[in-house]
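Two complexes come next, and they have one chain in common, chain A, joined by chain B in the first and chain C in the second.
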Partner chain A sequence: MELKEKLITSFFELENKGTIDLDSNIHQIRSKAFTDFETKGFPTKKNEEWKYTSLKSVLNQDYTVFPKGENVLELKEVRKYFIHEIDSYKIVFIDGIYSSFLSETTHDGMDICLMSSALKKPKYKIIIDHYFNTIANKNESITSLNTAFSNQGAYIHIPKNTIVPKPIQIIHFATKNDENLLLQPRNLIVVDENSHVQIIERHQSLSDEVVLSNSVTEIFANKKAIIDYYKIQNDTKNASLIDQTFVQQKDHSVVSVNTFSFGGKLTRNLLEFHQNGERIESNLNGITFINNKQHVDNHTLVKHNKPNCVSNELYKGIYADSATGVFNGKVIVDKIAQKTNAFQQNNNILIGKKASINSKPQLEIFADDVKCSHGCTIGQLDEMALFYMQQRGISKQEATGLLLYAFGNDVVEKIKIPELKSRITKLIAQKLGVKLGF
Partner chain B sequence: MNKYTEDDLKKELETQEYEYGFYSELDSETFPKGLNESIIRAISKEKEEPKWMTEWRLDAFKIWQEMEEPEWANVHYKKPDFQAISYYSAPKKKEKLDSLDQVDAELLKMYAKLGISVNEQKRMNNVAMDIVVDSVSVATTFKKTLAEKGILFMPISEAIQEHPELVKKYLGTIVPKKDNFYAALNSAVFTDGSFCYIPKGVHCPMELSTYFRINEGGTGQFERTLLIADKGSYVSYLEGCTAPSRDENQLHAAVVELIALDDAEIKYSTVQNWYPGNSEGKGGVFNFVTKRALCEKNAKVSWTQVETGSAVTWKYPSCILKGDNSVGEFYSIAVTNNFQQADTGTKMIHLGKNTKSTIISKGVSAGKSQNSYRGLVQIGARAQNARNFTQCDSLLMGNECGAHTFPYIECKNNSAQLEHEATTSKIGEDQLFYCNQRGIDTEKAIALIVNGFSKEVLNKLPMEFAVEARKLLEISLEGSVG
Partner chain C sequence: MLQITNLHAGVEDSEILRGINLEIKAGEVHAIMGPNGSGKSTLSSVIAGNETYEVSRGEILLDNESILDDSPDIRAHKGIFMSFQYPVEIPGVTTTNFIKTAINAKRSYLGLDDLPAKDMLRLIKEKAELLEMDRKFLSRSLNQGFSGGEKKRNEIFQMAMLAPKLAILDETDSGLDIDALKIVANGVNKLRNKDNAVLVITHYQRLLEYIVPDFVHVLHNGKIIKSGGKELALELEEKGYDWLK
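Let's look at the complex of A and B:
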């Protein structure tokens, strides 16, 4: 049976299971999204947004939509996937099911909890009705698919004037299953006026089994809110991730989303920023470092809807072996968004003989008093620099490692959690096969 | 003294008239409107074409019928009704002309108005010209001088008669019939255009030039240019176009094919000034053009274009860098005003080793216009050490216009080096202030800045054309360029 048909029957199964409220507003949104997916189907390469990424190899598998039972993981098995050096709130899912044992949630002054309970309990209704699915891309059929099945994920609501004392980690584990897993987590993050939060998100498969995660996160930053969001993507060779993040910002807010793509079979990141206020700062950073036949597609959109806003975008890519990369950076400046500063940079190094990159930095500007620029480079390591280092007794491998590390360092430096920074440094060093003694 | 501000400039831009909008009363022969097989046969018959050519056209027509009009470009317009266009219009000639003196007096008057006196051109400038009015070529100068060097420069209709072997060999090889909707249409109905062949090792002693003019109403212009530079030769080719002001939208769908064989160099410059429509966006020419060049070993093709006219432009002069060490260049200034829309750029397809390409694109948008750069740089898996540099800058005047860039970069080789940069800005207040401080009034300052902004491209134009291009910029942005 084709995956699409399977999903259609699964949707009816979901409706009949009795675990969700069929009369709620949310279910109306689900049904609408489902019809949308049903008509459009999965995106193909004919779709301009999917021109360079084919989902064929991912979709021709058979997936289990609803995992059978709860799997238990020992903390020591998975400890290394957490940033365990620091205290943090944790929301952990195992095969799509919430693990209360590994998690650490709170309702004390803020809500760091589960989507499923937030959807059910009346006290969250106002927030859910006000925000849920308001900024998710309605044209993207794969986003609609997530919306149709949205039930589980993280729900974070930080009220006014609150600084969340420790970072929040959202981790999705996939354990060894006999069947291929399709996970569709749905996260909602609302940060109210003058509050600050740091979030780390990770999708991790614990085996070489086939896993497909279709994740959607909606982030709302109200006035003067500050959000730092980190995505660690270092999955196993048969795990694929379609990650969609939608951010809406109000006046004076600062949101940074940092994406670290180090592995997985196919990774597709869609990141959209909608600036609906003045004097906003949006930061989009990313490092992609992949090898073998891995594929990473970074799709970003920044919509400047109001005047006096800033956006900074910096994506670096290192592609080894036969890895393929895609960068599509779109910046749209509305007619009224005068005094916009939009900066975008995409640098790529191809080290693999069969590696390739498709880059499409795109500017659409309708206002005149703006400063917008984009730069894109594709190249290799500087032979002279390599030679210089070898002359001084540094092995070629180490020299290459150092230079590549330096290449990605601009992005690493932007990490504001020191423990995470050293973790990312270690991950890069590991990938480079060198020791970095700093 | 009233201060000249950007608002004034904007106002001037909006009210600026199209200088070449006159219509000349020429006795002409026009085919009935509509497109079908018999029209194509009739065009072919009118041109006294051999059978293979007729077949070729009919084949293209069949392909065209099955195609759909493309919609991906960032332009919005009412699609032309292909049955409401007359596909052939020619100034009536009593007999074949032997020399320029016999050219229709009205026609000569028209060219005088356009600022190109055919006779004067003949004497003064070292430029050989081919002039195409509506659908047919009316005059070609310097034919003899060129013939001495073995250079063939003639209307393509003549070339089909006189040099069928060359036309047959190359026509449609670079832009195949089924390449795109408009190329297919052009292949079916093209009526004239220029044909040029530079033999081995010949350095063409003068600039070759074609002037296009749409005169009749209700017609479309479909010209086809085929330029072949044989091994080790060099040619510089110029192209200019104008049309009368009309309320209707006229269609111009041309195909240009350039072939640069080993070690050859082609420099192709265009000054496009089709009627852009009035200040309300009514009328104007739809300019849907396919231009492509093939570079063999060590060959070099350089496209330079100044785009100021047309209501809608859809044009991507491209280079296929097939041979090793070949070089492709693209220099463009696109100026849009009022309701003009331009979606233009280039494609650089790197296939050979050590191939190099440079893209410099400058866009100036004013009024309510939309100006897009759309480009593709593609590095094939075997294109070792390919190199590309791309720069696209946009200048915006007023907050009702838009500037967009859609660059596609596809790299499949790890020894390639690519750079791409793009900026968008308006004329800086500090720049103006700096000029004002030094006693340069605002109008001159804007002129200075726009001129400087487009200098990199203007410098690439041949002398004769640089002057004209500068003049055109003046017309398009009068008050800003001095």
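Let's look at the complex of A and C:
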């Protein structure tokens, strides 16, 4: 049975399981999204937004949509995937099922908990009805697929004037299963006026089995809110991730999304920023560092809808062996969005003859008093710099490592959690096979 | 210390060095002069092991052992240092961290433990003072945004830290004003002793007023066409190179 057919059957199964309220507003949203997916199907390379990323090899597998049993993990097995050096709130899922044992949630002055309970309990209804699925992209059938099955994920609501005392880690583990797993987490994050939160998100398979995660996150930054969001993508060789993150910002808010893509079979990141207020700052940073036959696609959109806002976008990519990459950065400046400052930079290094990157900046500017810039470079390692470092006694491998590390350094420097910064540095060093002895 | 015999080297099909013979003994300063395109920089790159150039014939011995099969880092560990004409900028790696990494790589090659942080700092302070270097350069990214003079000074600082057997100064005088030139030359002179040697590669005689050579060689068309004492440099300054061709 084709995956699409299976998903259609599964949707009816979901409706008949009795676990969800079929009369709720949410279910109307699900039904509508399901119809959208049913009509359009999975995106193909004919779709301009998917021209360089083929899902064929990922979809050409049989997946379990509803994992059967609950799997238990010992903390010591998975501790290394947390930023365990710091105290944090944790929302942890194992094969799509919430793990209360590994999690640390709260309702004390803020809600850091589960989407499934937020969807069910009346006290969350106002927030859910006001925000849920309001900014997720309605033209992407794969987003609709997630919406249709949306039932579990992280629910975070930070009320106004709250500085969340420690970061929140959202981790989705996939364990060794007899069947291939399809996971569809759905996260909702609402940060009210003058509040501040740091979030780290990770999808991690614990085996070489086939896993496909189709994840959707909606993030709302209300007035003066500050949100730092970090995505760690360093998955195993048969794990693929389609990650879709939608951000809406109000006046004076600052939101930074930092994406670290170090592995997995196929990774597709769709990241959209909608600036619906003035004096907003949006930061989009990313490092992609992949090898073998890995593929990473970063699709970003910044929509400047109001005057006097800033967006900074910096994506660095290192592609080795037969790795392939895509960067598509769209910036739209509305005709009323005067005094917009929009900066975009995408720098890439290709190592080896088979690696490739398709980089496409797209600027659509309808206002006349704006500062917009974009730059895109694709290069090789600087042979002269390598020789220089070797001449000082540093081995070629270490010199290559230092140069590549230096290349990505300005993105690493943007990480505001020191323990996370050192973890990312270690992951890069590991990927480079060097010590980075400093 | 260094013996070069009948050295032929080039890039792909074009031969740049066409039979170089040169012997440098411990304690000596040699200068290689020559017009643009004579092969001066190629010679220094080949001694240091730049893989862009291929050695087709001949031999380079350091302490009676061939170094032709050694990669540039191994040659560095064995005591060859080359000051670059255009030092490379490396963003994200501070000068201090770079030199620490280099020193400890050499120590590891020699079978020694890393230099304790305290000793490293003392050494860095001492050598930075020798070169009259502003300490703030040490915590900045290597050569990034440095002026030409600061870059060259940083090269000699690294040379002082690494204490090589053979230091090759490739066009170290280019882009230096007279004050910087004096500081750099003074630094080199203070590092000289009976066990090491210096090979100065230069287009002009100017630097040789401060780093006085024992021998001067003229390179033309990939060959040494004349050798002499320090007075040869003055003669070249006066007459140019044409009378030798």
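Here is the rule we go by: the second predicted complex is superposed on the first by the 438 of 438 C-alpha atoms of A that agree within 3 Å, B and C clash if a C-alpha of one lies under 4 Å from a C-alpha of the other, contacts with A are read in each partner's own complex, and residues count from 1 in each chain.
Definition applied: contacts are C-beta pairs under 8 Å (C-beta built on N, C-alpha and C of every residue); 3 or more make two chains touch, one makes a residue touch a chain.
Just so it is clear, the structure is predicted and the values come from calculations on it, not from any experiment.
Of the two partner chains placed by superposition, only chain C is touched by A:L403; chain B is not.
Legend: residue contacts after superposition of the two complexes on their common chain; A:G41 is shown touching neither chain B nor chain C. For chain A, the partner that touches more of its residues is B, with chain B and chain C as the two candidates. Once chain A of one complex is fitted onto chain A of the other, the partner contacts of A:I394 are limited to chain C, with no touch recorded for chain B. Contacts of A:S356 after superposition: chain B is touched, whereas chain C is not reached. In the superposition on chain A, A:Q338 makes contact with chain B only, not with chain C.
In the superposition on chain A, no contact is made by A:P159 with either chain B or chain C. Residues of chain A touching chain C in their complex: 382-385, 387-396, 398-399, 402-403, 405-407, 409-410, 437-438. The touching residues of chain C, when paired with chain A in their complex, are 45, 48-52, 71-73, 75-77, 81-82, 84, 86-88, 90-93, 97-106, 109, 141, 158, 162. Contacts from chain B toward chain A in the complex involve residues 72, 381, 394, 396-426.
Residue ranges on chain A touching chain B, taken from their complex, read 48, 52, 335, 338, 348, 350-380.
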